[in-house]
Structures are given as structure tokens and as C-alpha cells.
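Several structures are given next for inspection.
There are two complexes below, and they share chain A, which is joined by chain B in the first and by chain C in the second.
And now, the complex of A and B:
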């Protein structure tokens, strides 16, 4: 078992500090881990049984191997327990307690003690450590969950294809909840906390090789080794997209980051250009981080800048057109021309007052069949590089099967597609349904346009890397103004 | 009764084309109007009763006055019915049918016919006409609703303080649904359609004088009389904020607008500068339109640029700080310094590991009481111009009463406040609750920061208008870089 696998797919997990008190972290962690595929050993010298499982007085009394030990004990006790982990031959340690380097000198000394304990062990037997000051990990597909917020108050995302690595626990919880409420899933979450041992670079490598992960998203306040991060991105981004929300851009933000995670951020200008150069996407807020990660992980890169817009509300089509084409408050893409043949086919398929010019307007009387027919026509249009589809449920001739139709065309149609839906409960239901089906769908026109632009930038980047576009055109035929101009407008 | 009052508070309404067929527009309009405070007269020569109400064969057979006639009949019949309205002495007409100027020459001729009929009537007896090609009006507080989307599929906003005027019906429906799902209410909606008679300028005047309206939001594809619109804004914006989503900015957007509503948009550059000069806010997408309208209608203008951030997740505080202070991907405001006394008070009120520097971090162990104490301290800090409050429900010591606490401080505290909440169902529940209590709250950090910046810009504008800031400081003491620099970064 490769060392980091012990964090994300352990066969056995010990919870040190397991508790019968439902208010304790050690209780929540045990309870949630018992739902996982791993064998769970509660450890607590003053209990014989916890949540119906026999409790062990110490790590060493556990029979057999322990892949992962979750330390749900305070900072000073954590040091002692790391020593016990070494003795037991534990492969991976999650140190959840705060009160370490982030709080000052005394905490830093505790970290040094742990570092000394670990480095005294020969490399091949040395346990790896995540944290301290971390929620640990959450892996939806095997229900491995060491995060300790109450699930009823803090729903978790389902299985998906985004790996999310965060330097801040509480922030990650908020981001994961918001993602879950849109049906967006994760391949895994890892909180790196104070990065005493395992850091963002090693996790970047790990998820680059992880077959369940299609995009890697980071919330970072500093880089442990910025050059190493960039080198990894350069190697990885041609295969797998990376999105980084690097906070601490402003002077006060940098100070706040230093107070928050005790980290010193470098100059932001350098970060900005360097990330772009190695093909990583930078996000500027929590919403953009998830928005970009999902479209880059799920969508197909664009082979050109010409977008077809399909809508049921003329005004939404006009706003989308503005956002797509404008270079100020827009992304500088283009509306695809529709061929005369295509227009004729649309005319015969749609209602008489529909607009067959791009943006194509099915009108408020749209039906599932109109959507299907129009998508089919657009899919066969040579000059269409992507379809931006407005999915609305107001029309009485549309029902929830429209969501299935769009899911099908996204996964099996020949063109890259991004979906947007504006409205109330029906829209949100469709949004969650598409989210769970791993279709990039957004509840705002701008977010959908920004996502489309990201797929275009990704297409340009890949074309530069390989000399050939996603659809096999020579890269020279692309006009990647938005990307090469240094300003992506996203 | 002033002529436009007949549209928004009619005592009597006739539905011409009322129908017993639930699939017909004339059915839905009748059904929803029957819930209003107005007396409703269904008109249809081939029915004796509709929805339990006696049906009249013609307008002229209705006993007594008709304030408003809703024409739910096709375009050619609409012309005839306008003639009948004139005969009956109807005050206001909503012409819902499409198939007029937006479809070409034949439709334009029908519009000319209507114009001729109306202009043949002496001014004091001439009915006013909204449309054609419009959903009409929706006034939540008196349940007057002539829009004809099925409510079960298309929930309406509740009562609120934003007047929303839209040139596109289907787009307005999407925007209203989305607003409703956030608890955002309206004072009134009016669809202006083809603007044969009543246009955006007259409605701007009307809602400027409407005591129920605190902000006026427009979706427009062209201006009937741009100069008149700007002159009105100059007069109105010192008293009431105006937000304009003027679509058709790009070349293709302009073409799309021409195809959609048959309107020719002017040069966009001119619009941009002119709106700013007269103190109107421009929105660039449907989300920004509502976001700005609600914060400007409900929030208090800032007297300075120094913002205090209150959070329970350090990382969210760092991201907010970046967005507030950065001039690139940010709004160029400042973090307020906290006095030593304030820090001492925070230290004694909060948990030991809380951060008492701005951004103030209550930590994931925050309680309602921590929020209350911290807000009280910030309210008394002299250098704090506004509070940006992150409302999170993950902590076990926080419950839904937190929402009430924040609502109370928003309405009764001394400082302008904007609220943000990031998360799942609990966050959304709090969001809707605050929305219904008319507190500007957003589910994204960026949207909250943008709203805060709008309040600052509004403060600068009002100070320029009056020479005195919202809090009585001389305007010269403001440093309105963001606004005066011509780039508001919003």
C-alpha cells in the first residue's frame, strides 16, 4: 500500500480519543468512520465499548495492522500518540488538534517534537502525517470521513471527480456544503492544516495519478515549496486540470493569512503569472474554485471560440451574447454562425416565432422535442465549437425529462456543452440532477459563460502543449486571443 | 385615480378573453386575478360563467367602471378590443398578445392602428396601454397578477421594496423566480413589451413617487427616449437608487436584441458613461441586477471605505479581505482598523483562539452570543464604516436565532451591514429568512463584496450631490477613489 493510500483507502483505522460523548469530536469521527469500508478500532483507556464496538486501551493493544490512526486528542497528547503510532507501525496519521504552530511559539515547539519523532524512524517504516490542525479526509466513494462537523448541520458532497485540498478546515466545510447543495461531488477531500509532513505538492502528485480524480482544486494560503508546485503543475496540467484559490493576495489578506494559518505568503504578482504559465487556473473566490474545477473536470476543451447559445427567453440570449462577446465584462468569445441549412432545419422543427439565428430562441412555448431537435441541429453544425444551453422549466410543454435529454447530449453528443438554468425550485432540482450526473450546470448566466471560457482556455493550452486541438485541428487554426493576451477576462 | 395607478391598484379589472380552458392564458389570468383585491369581470361572449364568476359577453355589458382591462386575445382581436375599451371608458389596458411590431411589417401595422385609436381620444379620457407583447403586471402586496406562467412551475416573489420593469417577459419570469427562491420581494413588476404607449420613462417616474418602492430595477434592450431616461435618473437617483441591466452591449447582442424585441439599441459606450454620470448603477447580468437593487434599496450608504469583516472561518475572512482590498479582482475598499479597546473587548468576549484583528474570526466554535458581542463591539468602533457579516450555521453553538439577531442588528444597529452565508440547506434557510426580512444577504463572498462596494459608491454619489455623507461627515473627507476613478471594480 503506497503511503498516501493509507489516508484515502485504509483497510483499518484507529480512532485515538474515541468517545461515547456525542458532543466530542472523537465520537463523531468514530461514528462516521463506522459507516466506511474500513475496519474501525476505537482507542480510549477509559471505555470498554464505543458505539457498539470493542474499545482498545491503547494503539499497541489492537490486534493486527493499523493503516490509519486518527488522533482526536488535544495538542500535547497528540505528540505522545504520534510516538505510539511509530511503535505500532501505523502507516498514516491524521492529527486533528489545533493549538500547534498557528498559535505561536509553544505550539511550534510541539510541532518540532513531532517532526523529531518522525525523522528518527527509518524512511520505509516512517508514518506519514496529515496536519496537525486539520479535519483530515473525506472520501465519498468509500464513505471514509474523518471531518467532524455534524452531518445533519453540514451535509457532505456525494461521489464525484474533483479532488479538493484545503489549508483551512472551516472554509473547506462551507465550500463542500455549497457544492453538495448543487449536486457537485468529490473524489476526495484532504485538509492539509499546518502541513507538518504531507503538503499540497505531494497531494497534487497523488491526485494526478488517482483514476477517480478528473480535476484538482486547492484552497491555499501559502505554498510550502512554490517552485515544486509549479513544476508539478507543468507536468500534470496537460493531463489533468488544476485550479488554485490562493488567498492572501492583498496586503491585509496576507496579514490575515499569517494570523489564520501562521503562514507567510509570497508576492502575489509572481504567483499570478507563474500559475498561468504552467497551465493552472487561478480562482478568486470560493464559487469560482468549484465552478472551474467542475467544468474543467467534466467538460471537453473547446477547439475554437465559436459558441452556439440555445435559450427559451430572448432576453437571456441577449445577455449571454453580451457576456460571451464583450471584452469588457465578458470573455471575448464569439457567437457561432449558423449555416443556411441549419437555419432551415431549425425553422421546420421549431415554432414559427422562434429565432433560428444564434442566440437560438425556442421561446417560452418550448418543448422537450424542440430542445432535442435544436441540439441535434447544433451538434451537426461545423462552425459550432460549443453549445451553451439554457435549461428552463417554465414552459408547460417541458418536463423533468428535459434534464435527462440534456445529460444524454452532454455525455454522448459530439460538442462540448455548458448548461445554465435560472429560476426557482424546478431549476434547482434540474441543477442538482445535472450536477449529480456530472454535467457542468450553473444558476447564473455569468458563471456559465465563465465556465465556457475556461474550457476554451483549456483547449488553447492543450493545443499549445500538443500542437493539435481537442478536435484534431492544427493549433495554428485557433485564435486564442483571450488566453494569449494575458488577460483571460474570466 | 392617476392613470398609472389603474395598472397597479385597480378597483375593477376586466379580463377580455377569459376562458374556462385551464390551458388558456385567459384562464390563468382570471384565476390569479380572482385572488387580488380588485373586483374581476371575466369577458367572453361564449361563456356564462368562468371560475364561479358571472361572465360578460362584452366590455360594454359590464355594469360600472372598469379601471383595468387585460386583453388576453390574439393580436388582430386586440385592436378591436382596444376600440371597445375606449368606448367603455376603461382607464388602463394591458395588451398581452404577441404578433405585433416584433414580428415585422404586418404587426407594425396593427400597432399603428392601436396608436390611431388611442390618439383619437381626448387626452383626459384616453386609456393608457401597457404592451403589446407583455405579461403585464404583478403586485405582490395586493396580489394583482396578470402574468400567465403557471404558478406551480413558476413561483412569484413576495412583497418587497424593489420595482422591476422589464422589456422581456420570459426573462423577467426567470429573474423573478430566482429572486423568489432567495426570499427577495418586489413592490411591483411591470412588463413594458413593445412600449406602444407606457414606456420605461413613465414607469421610472411612477415608481420614483411610489412609497412602496425603495429601488428601481430595469431590464432594457433599448431606450425609448434615452435623454429623457437620463434626465429622470439625475432627478430621481439622489432620492431613490436605479439599477439598469441594458442588454445589447456587444455587436451580436445588439443584433440579437433587434431580433428579439424589434428594438434598435444605441451605442453602448454612451450608455455606460451617461448612466454613471446620473448616478444610476449598471448591472451586467441578471444576478447583479437583483443583487444591486436589493442592497441599494435596503442597505444604508457607506460614509467611508473601511469595512469590518466578521467571520467564523479564517479562510473566508482572508478571501473577503482580498476581494475588498484588491483593485484587480476586487473593489478597492479597505479593512477597518480595530481600536485597542475594541480588541480588548473582543478578546474578553470571544474564545481564546478567536482572531480579534480585522477580519475578526469567531472560529468554528462560534455561538449566537459571540456574534452578538462582536457585532456590538464593531458597531461602537469609530473607524468602522460598514460590517460585512459571514453568517454560518455549522457550529453546534449557533442556531437559527442567529438569523433573527442579524436581522435585528441590520435594522436597528448604527452601521450599514451586508451579510453572506456559504453552505447547504441551513445557509439557504437563513438566506431566505433574511431575504424576507429585507436584509441584503448573498450566497457568495464576491456578491456580498460587490454589494458592499455598491453601498460605498452610493455613499460617494450622495455625498457629491449634497456635500454631506450619509453619516453627516463632509464629503471631502471621503476618499472615493473607486468611484471617481471611473472604474468601480464592481
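And now, the complex of A and C:
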């Protein structure tokens, strides 16, 4: 079993500190793990049976190998249990307890003890450790879930494309829940906590090689090895997009400011430049992190800056035009010109009062068929680099099959597409449906425009990697499948 | 010890003329200059045309303008002699730097900093007095490629200054070349430099010249 696989696809999992008390973390962890594909061994010296499974008094009494041990015990006991894991030959350890380095000197000493225990083991037999101070992992596709928030209160995302690595557990829970509510799925979540052993760099490598992951999203408060992170990004971003929400922007920049460069640097402007240098995207809040990760993982990079807007509400088209084209309150893209032939085709397909100029307005009398016809025309327009599609359900001639139509054109049409829907429950149903079908869709015009701009930036970056100019590249050459596995050096 | 590289490696601060020697050795343009030692008396003829600038050049004096340690636009030899006499009386025991006065142009700042997370990192931005006003700067981790240097400039709000804006002729290539020189310097000495400001770097149609240079070494641990 390759190094970190024991964390994400273990065959056997021991829960140390498993409990019969539904209010205990050790209970929830056991309960959720029992739904996974792994074989689960509850460990607790004072119970014979937990949730219908025989309980083992100690790790060493478990018959057979243990790939992963989840330590759901307090900090001081965690140290002892790490020792037991070593004896048992456990491959991977998730140390969930808080009360380590994050709390002060006494906690730091406990971390040092753990580090000493691990480093005394020869490399090939040394267990890897995630945490301490972590929720652990969540892998939707095999239902491996060590995060211990109550599911009824905190629904988890389904299977998806995004690997999410977070330095804060509670923050990650909120972000995952918000993603789940939009139908956005994950390939995996990993909480790195205090990064005693496994850190963001190793997980970046791991998910770069993971075939289920198409974008890697980070919430980080510091970098274990900043240069190492950048070197990895440089290698990985030509194949797989990386998005980083790096928090702690203002406080950490305390340095001698005798010179301009120092006072201007803070630490934050350097982070911004460094990430841009290696083709990683920077997000500034939790919403942008998921918004960018999904569009970059699922969408196709733009080969140029000309966007066609398809709407059923004229005003939304006007606002989108402003957001797309404005440089100070927008993203500085352009509206694509529609050819005379394209306009003629639109005119004959749409209602007489529809606008066939970009933004193309199907009007409130639009039907599923109008959407289908207009999309077909735009797909064949040479000067259109992307389609920004407003999906609205208010018209009496539109029904929920519109969502399927848009899903089909997103996945099978020739042009990059981003979708936006503004409204109430029907909109949200459509939004979740598209989300689950891995189509980037947003409940706000600005977020959709920002996502479109991210695909444009990605296109420019990839063009730089391959030495082709963004303008001069056919969209087809930039389709995601084409560069997966291909080599591209910056 | 007077090799500026060795001084930096030992954590010793550089006077401006030493910083400029160092930059010149990485192919970065600095003005023609002569150094007047503290022991000297009068002024011999300078090997470049007037007007000239006169500056006190000493590692302890970081903000020399504020201390009256800079005289610009000295038109002739008589003026220079008077200025030197005045400067010597006010800054006894300090070296003086006479430089060919650089004509006005587009002012940029180029910086280098040892970042706690990423190590030696470069900065470029709008220079002169506008640096603090607009904070229009971009950073990259050293070393940088030519592509990185161009991308840094394109990231500035003022990027059009280097793209022929309103007929202003300020060579983007020349500024890129300064950045690449500083990047080479950072590769060799970046571990030993806490901060470096080149401000202003005056950018003309065909060249960019570092008019002022300040370097603070990192203290060896």
C-alpha cells in the first residue's frame, strides 16, 4: 500500500477510544466508519461490544493488520497510543485530540514526544501521522469519514472532483457543508491540523497523482516549507489547478520596515506574487475557494477573452456585460461579436422580440427549445471563446429538463461554459442538479463572471506553459482531457 | 574588507557606492561615478560631464536626503568644490559620491527582501515618491525568469507606463533586465540580504539606471 493510501483507502481501521455513548466523539467516528468499505475494529478496554461490533481491549489484540488507526482519545493518552500503533505496525494514524502545540508549551512537549516515538522507528515501518488536532479525513466515494460532526446537522458533500486540504477542521466543516448545499462534491478531504508529520506539501503531491481529483483546494494559515510548496505547484499546476485560501494576511507581516520593500511586502504581497508565479490561484474567502476550485476542475480554459452571454432577462444580460467588461468593477473580458450568419440563424429560431446581439436575450417567453437552438448557434460561432449561460425557470415554456439540456451542452458542446441561475427554490434545484452533474453553476452574476475570468486566466497560464498564445489556440486544444498526463513545463 | 560580496556575506552594511559596485557586477546599470575618500581634500576633475550629483555615502546613513546629504544638479566644477567642502564639514569622516546627474524619466522601484516563508523575493513597482502613495508593486520569489519579470510588470496598475502610454518612452525591456540582474544577485547573495531598495530606478527609452541603492544585510545567525 503506497504511503498515504492508508489514510484514504484503508482496508482496516481501528478506532481507539471507540464509545457506546452517542455523545462521545469515539461513538460518532465508529458509527460513520461502519458505513465505509473498510473493516472497522472498535478499541476500548471497558467495552465488549460497540454498535454491534466486537470491541478490542487494545490495538495489539486485533487479529490481522491495521492500516489506519483513528485516535479519538485526549492528548496525553494519544502519546501512549502512538506507541501502541508502532508496536502493532499500524500504517497510518489520525490523531484527533486538541491540546497539543496549538495550546502552548505543555502541548508542544507532547508533540515532541510523538515525534520522538515516530522517528525511533525505521523508515519502512514508521507509521504516518495526520494531525494532531484534526478531524481526519473524509472520502465520499468510499464513505470513509472520520470527521465527527453530527451528520444530521452537518451534511457532507457527495463524490466529486475537488480534493480539499484544510489547516482548520471547524472551518473545513462549514465550507464542506456549504459546498454540499450546492451539490458540489469532493474527491477527498484531509485536515492537516498541527502538521506534526503529514503536511500540505505531501498531500499536494498525493492529490496531484490521484485520478479522482481534478482540482486541489487548500485552506492554509502558514506554509510548512514555502519553497517546497511553490516547487510542487510549478510542477503540478500545468496538469491540475491548485487554489489556495491563505489566511492571516495582515498580522504576520511584522518586520523591520526601514526600507520600502519591507514595508510594502507585509508577508502577503509576497504570497500573492509567489502563487501567481507558479500558476496557483489565490482565493480570498471561503466562497471563492470553492467557486474557483470547481470551475477550474470542471470547466475548460478559455482560448480567448470573448464571451457570449445567453439570458432570458435583459437586465441580467446588461449587468453581466458590465461585470465582464469593466476593468474597475469587473474582470476586463469582452463580449463576443456575433456573425451576421449567426444573427440570422438566431433570428429565425427565436421569438421576434428576442435580442440576437450579444448579450443574447431569449426573453421571458423562452422555451427549452430556444435555449437549445441558441446554444447550438453560439457553439458554432468562431469568435465566441466561452458561453455564459443564464439558466432561468420563470418562463412558462421552460421546465426542469432545461437543466439536463445545459448539462449535456456543458459536457458535450465545443465551447467552455459557465452557468448562473438567479431565483428561488426552482433555481436552487437546478443549481444542485448541475452541481451534482459537475457543471460549474453559481447563484450570483458576479460569482459566475469571476469563475469565467478564472478560466481565462487558466487558459493564459496553460498557453504560457506550452508556449502557445492564448488568442491563437483553438479551444479544442485546451480541453482538460488533452493535458491530463501530458507534460508541460513552465 | 572591501569586496562588497564578502561584506554582505559577513552581515556588514554597505555604503551606497559599494552597493552600486555590487549591482554593476551583476550587469545592472548605475550612473558613472567617483568616490571621494574622507581623507581627501579638494576635488580633481570628474571623468563625466556636468551636471553632477553629490551624496554622502556611508553604511550608517540610510536616509541621506532627510539629513541633507544629497545635492543635485551641480552645474560645474566650482559648484562641486563648494558642495564638497560643505558636505565634508557636515559629514566629517564619511566618503562622498559624485555621480553623473541622471535626467528625469519614469521612476520605478526594484526591491529584494528575505521573506520568512519563501526566502529571497523580488519586488517591482512605481518608484520615487509615488511608491508609498500608490503601493503599486508586485512580488515574485527569486530567481525569476524573463517571463516572470514581464508578468510582474503587467500586474502593476501603472503597467502602461512601460508600454508607450501617452508617448512616454520607458523601456520595459530595460526594466526587465534590471530585474533579471537583481535576480542573479539574489541567487548568489539573497540568503544574506534582509532588504534592498533600488529607488528610483530611472527608466528611459533605451536603458534603466539605478540612481539610489540601499542594502541591509541579514545578520548571520
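Side notes on the structure shown:
Just so it is clear, the second predicted complex is superposed on the first by the 454 of 490 C-alpha atoms of A that agree within 3 Å, B and C clash if a C-alpha of one lies under 4 Å from a C-alpha of the other, contacts with A are read in each partner's own complex, and residues count from 1 in each chain.
Here, a contact is a pair of C-beta atoms (placed from the backbone, for glycine too) under 8 Å apart; a residue touches a chain by one contact, two chains touch by 3 or more.
This one's a predicted model, so the numbers in the text were calculated from it and none came from an experiment.
By the touch criterion stated above, A:175 is placed in contact with chain B alone, chain C being left untouched.
In the superposition on chain A, contact is made by A:274 with chain C only, not with chain B.
By the touch criterion defined above, A:347 reaches neither chain B nor chain C. Partner contacting the larger number of chain A residues, of chain B and chain C: B.
Judged by the touch definition given at the top, the superposed model places A:329 against chain B, while chain C stays out of reach. In the superposition on chain A, contact is made by A:423 with chain B only, not with chain C. Judged by the touch definition given at the top, the superposed model places A:227 against chain C, while chain B stays out of reach. By the document's definition of touching, both partners, chain B and chain C, reach A:260.
Common to the chain B-facing and chain C-facing surfaces of chain A are residues 252, 255-256, 259-261.
Contacts from chain C toward chain A in the complex involve residues 62, 109, 111-113, 115-119, 121, 123, 125, 131-132, 135, 137-141, 144, 147-148, 151-152, 155, 194-197, 199, 214, 216.
Those residues of chain B lying in contact with chain A across their complex are 23, 98-99, 103, 149-150, 153-155, 166-175, 177-178, 180-181, 219, 221, 245, 247-253, 255-257, 259-261, 284-288, 312-319, 321-326, 329-330, 334-335, 353, 355, 357-359, 361, 363-364, 392-394, 396, 422-428, 443-446.
Residues of chain A that touch chain C in their complex: 222-223, 226-227, 230, 252, 255-256, 258-262, 264-265, 267, 269-274, 276-277, 464.
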